[in-house]
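Should a chain be cited, it is by its letter among A, B, C and D, assigned in written order, with residues numbered from 1 in that chain.
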Amino acid sequence: MWKTPVLIVNFKLYKSGVGEKALELARILDKVSKERGVSIIAAVNTFDAYRIKNEVKIPVILQHADAVEFGAHTGRINVELAREYNLDGLLINHSERMLKISDIDFLIQKSKDLNMVSVVCANNSRVAGALAFLEPDFIAMEPPELIGGNVSVSTAKPEAIVETIEAVKSVRNIPVLVGAGIKNGKDVRKAIELGAEGVLVASGVVKAKDPEMALNDLIGGMM
Amino acid sequence: MWKTPVLIVNFKLYKSGVGEKALELARILDKVSKERGVSIIAAVNTFDAYRIKNEVKIPVILQHADAVEFGAHTGRINVELAREYNLDGLLINHSERMLKISDIDFLIQKSKDLNMVSVVCANNSRVAGALAFLEPDFIAMEPPELIGGNVSVSTAKPEAIVETIEAVKSVRNIPVLVGAGIKNGKDVRKAIELGAEGVLVASGVVKAKDPEMALNDLIGGMM
Amino acid sequence: MWKTPVLIVNFKLYKSGVGEKALELARILDKVSKERGVSIIAAVNTFDAYRIKNEVKIPVILQHADAVEFGAHTGRINVELAREYNLDGLLINHSERMLKISDIDFLIQKSKDLNMVSVVCANNSRVAGALAFLEPDFIAMEPPELIGGNVSVSTAKPEAIVETIEAVKSVRNIPVLVGAGIKNGKDVRKAIELGAEGVLVASGVVKAKDPEMALNDLIGGMM
Amino acid sequence: MWKTPVLIVNFKLYKSGVGEKALELARILDKVSKERGVSIIAAVNTFDAYRIKNEVKIPVILQHADAVEFGAHTGRINVELAREYNLDGLLINHSERMLKISDIDFLIQKSKDLNMVSVVCANNSRVAGALAFLEPDFIAMEPPELIGGNVSVSTAKPEAIVETIEAVKSVRNIPVLVGAGIKNGKDVRKAIELGAEGVLVASGVVKAKDPEMALNDLIGGMM
């Protein structure tokens, strides 16, 4: 469904990443992905997920799903329902939506059962190594203090990238993505030179004046 | 948009209350509401909300929204986005999705600002009275120990219904709904005789072999 | 056990508010309370509570208790146990430890049953009015954005103090305390002139170079 | 401080495991530990921890600590404070008090820094393997559905014990404890034959009519 390096764009709940604007942004991601031949994945909210999935070819994953089976739950959605709506996978344990480890395990296993992709976030190299044991499809390491900031993980913590890849690979051969503060192709190139097999971006694309230009710049660093 | 008594059907995350089946069920609610001239409200999950809203005339409310503004939130949806998708309102603080009081307050105020209906759940008469001060559109009292069971609140706790109505009315003139274990017209009639201005049902309709028959039976108790 | 106006000192988990230093601080509170004839209450962590209670005459309350009965709970303490250790009451729903409304209700009722004092925090006047219906012994309103800051609620939001007192008194005749950023006697005097029957302080005393001087200054504003 | 096999007794918040009764029980544990030459560890609530630690020789650990540094936290305690009170370690992520993985990591690292023992709970073999990467002193696997029940993990899920030990040992050489429903020496013997280096018990001792007899029976299975 994708080849590394991948670029995951987390739409978050930015005003420019929801509703009609989310649709527009997803179309841009779709176009750039096709033009450049690079795997771009959209991580979207539950409300927008179905409409976006119906409009684009790139993989669309949910920003979160609850670790529950069908039943007497109010205000929850689960992985089975995401599957019914043809979503491609899940972002799990993002720094802004951290989970109990038993729930992370539940969501990864459920994703496997339903043939969906799991991207699990970790706040440091130790946690990344631990989560590798659960065998998600991707591990994404993001130092929480850099998320949403102006200094990228590539610049501020190159050693954390190296340590995370070492930790993960010592447990399982799972591709490692990195994120936090990544805004341009230079940040991406650095991350990939250090061994990352992709990056997570959010504000750098979603809040960009010209998301298409921002994407093309980021992708420049992948090549 | 509705007149009392109202019947709120909480689809929960029952297998028969999500995806294609949620659409079918919503159409049945719509049909029965029109035929019988009774206000029926569908409380649905975020995934199904938009599709259901586009197919039916009855009010559609979300089972939950997060108490956040637009911004750097992952895996959250908010009231503004529900408004953009034309949802009619929110179920707030359901026993299976309880909230901090500051978040309940946030969600009620936000619903008012956006002209959406707020149905706030309370687990007893004291909490119902307290929440009345926040001026939601409806207060729904459900004793947690009876939710999903076979004995209705009308039968098991008629005094709790009376006390809740007294508590709420001593603070604000807000319609009180009751729920928990309500399965038939007799349960509904009893609740309304005690002063309730509507009921919440879930499994009694959503898991019924014949939801239309179940609805008609329930509505019989409203007339 | 106390007379208004009261001064509640929240020791938080400041390094200067735990362990041996908590004991010293509690002794200072005790001494100043006696000298000045003013009710001072220490709100302490569970670890230090018992030792402090055994050393001082002023009321000692817990910063938090869990809303559970005795039973199969790990890592929880409850109100009954606080009672067994002779604690005088509870701080409930502090901005740094917010609770579901059903748990707030549980803790207030349990405190009443066990003859303990309940001080319930609210983030604004609406929430304060709602919580008044649950009849705690005190309502303490603290605007979250001012907590720990250098501008006091008295200076930054005098109208919020007035509105809170109106809201609470419209529901029940419960004394209203205010807090957030209160550092000196002038802040206290202003709060009391506006109708508050006491204040909550934390860093202003606990992190003061000379807590005794800080207390005496604060108390000056009460007289 | 201890030698395997170890017996950890989780006092929980059982009426017979708190306050004066907790002290009595701890004395019994101390006596039996000495008499039988077996390592017994008491896992107690924060309120009782200090008094118990002052009365017994056996290691005393907390049932939970919050993953915070000293600072503006209300209703929290941390590992540093537990250290100041001479506690020996922490139970982390018990099924009744599950944590985010970033907090589990924080608590284990902090325990190491302060020379305290960390016992981390896991709900299955996969999670146990993952947590092994964080290098706690012990991993304790308890299938949640068996906790507090009458059928022991040794009887109901012997294969889960074997799988957990394999999973953990494939990552790090950390001793594995098991728990859930363990009531007698036969359950203990079976667990140890399968490779466990100790057991966690709660109701089997804390709610026993004669805790000393219960302990001696359990220890019989260790020899």
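Heads up, the rule we're going with is that a residue touches a chain if its C-beta (ideal position, glycine included) is under 8 Å from a C-beta of that chain, and two chains touch if they have at least 3 such contacts.
Quick caveat, the model's predicted, so the values are computed rather than measured.
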item: Mutual neighbours - chains that touch chain C and chain D alike; value: none
item: Turn needed to bring chain B onto chain C - CA fit, degrees, nearest 5; value: 180
item: Inter-centroid spacing, chain B versus chain A (mean Cα positions, whole Å); value: 35
item: Chain centre separation in whole Å, for chain C relative to chain A (CA means); value: 43
item: Touching two or more other chains - residues of chain B; value: none
item: Chain contact topology (line, ring, star, complete or other); value: ring
item: Interchain contacts, given as pairs of chains that touch; value: A-B, A-D, B-C, C-D
item: Chain C to chain D touching residues, read off their complex; value: 10, 12-15, 18-20, 43, 45-47, 49-51, 62-64, 68, 70-78, 81-82, 84-85, 91, 94-97, 147-148, 202-203
item: Residues on chain B engaged by chain C in the complex (per definition of touch); value: 93, 98-102, 104-105, 109, 122-124, 126-127, 129-134, 167, 171
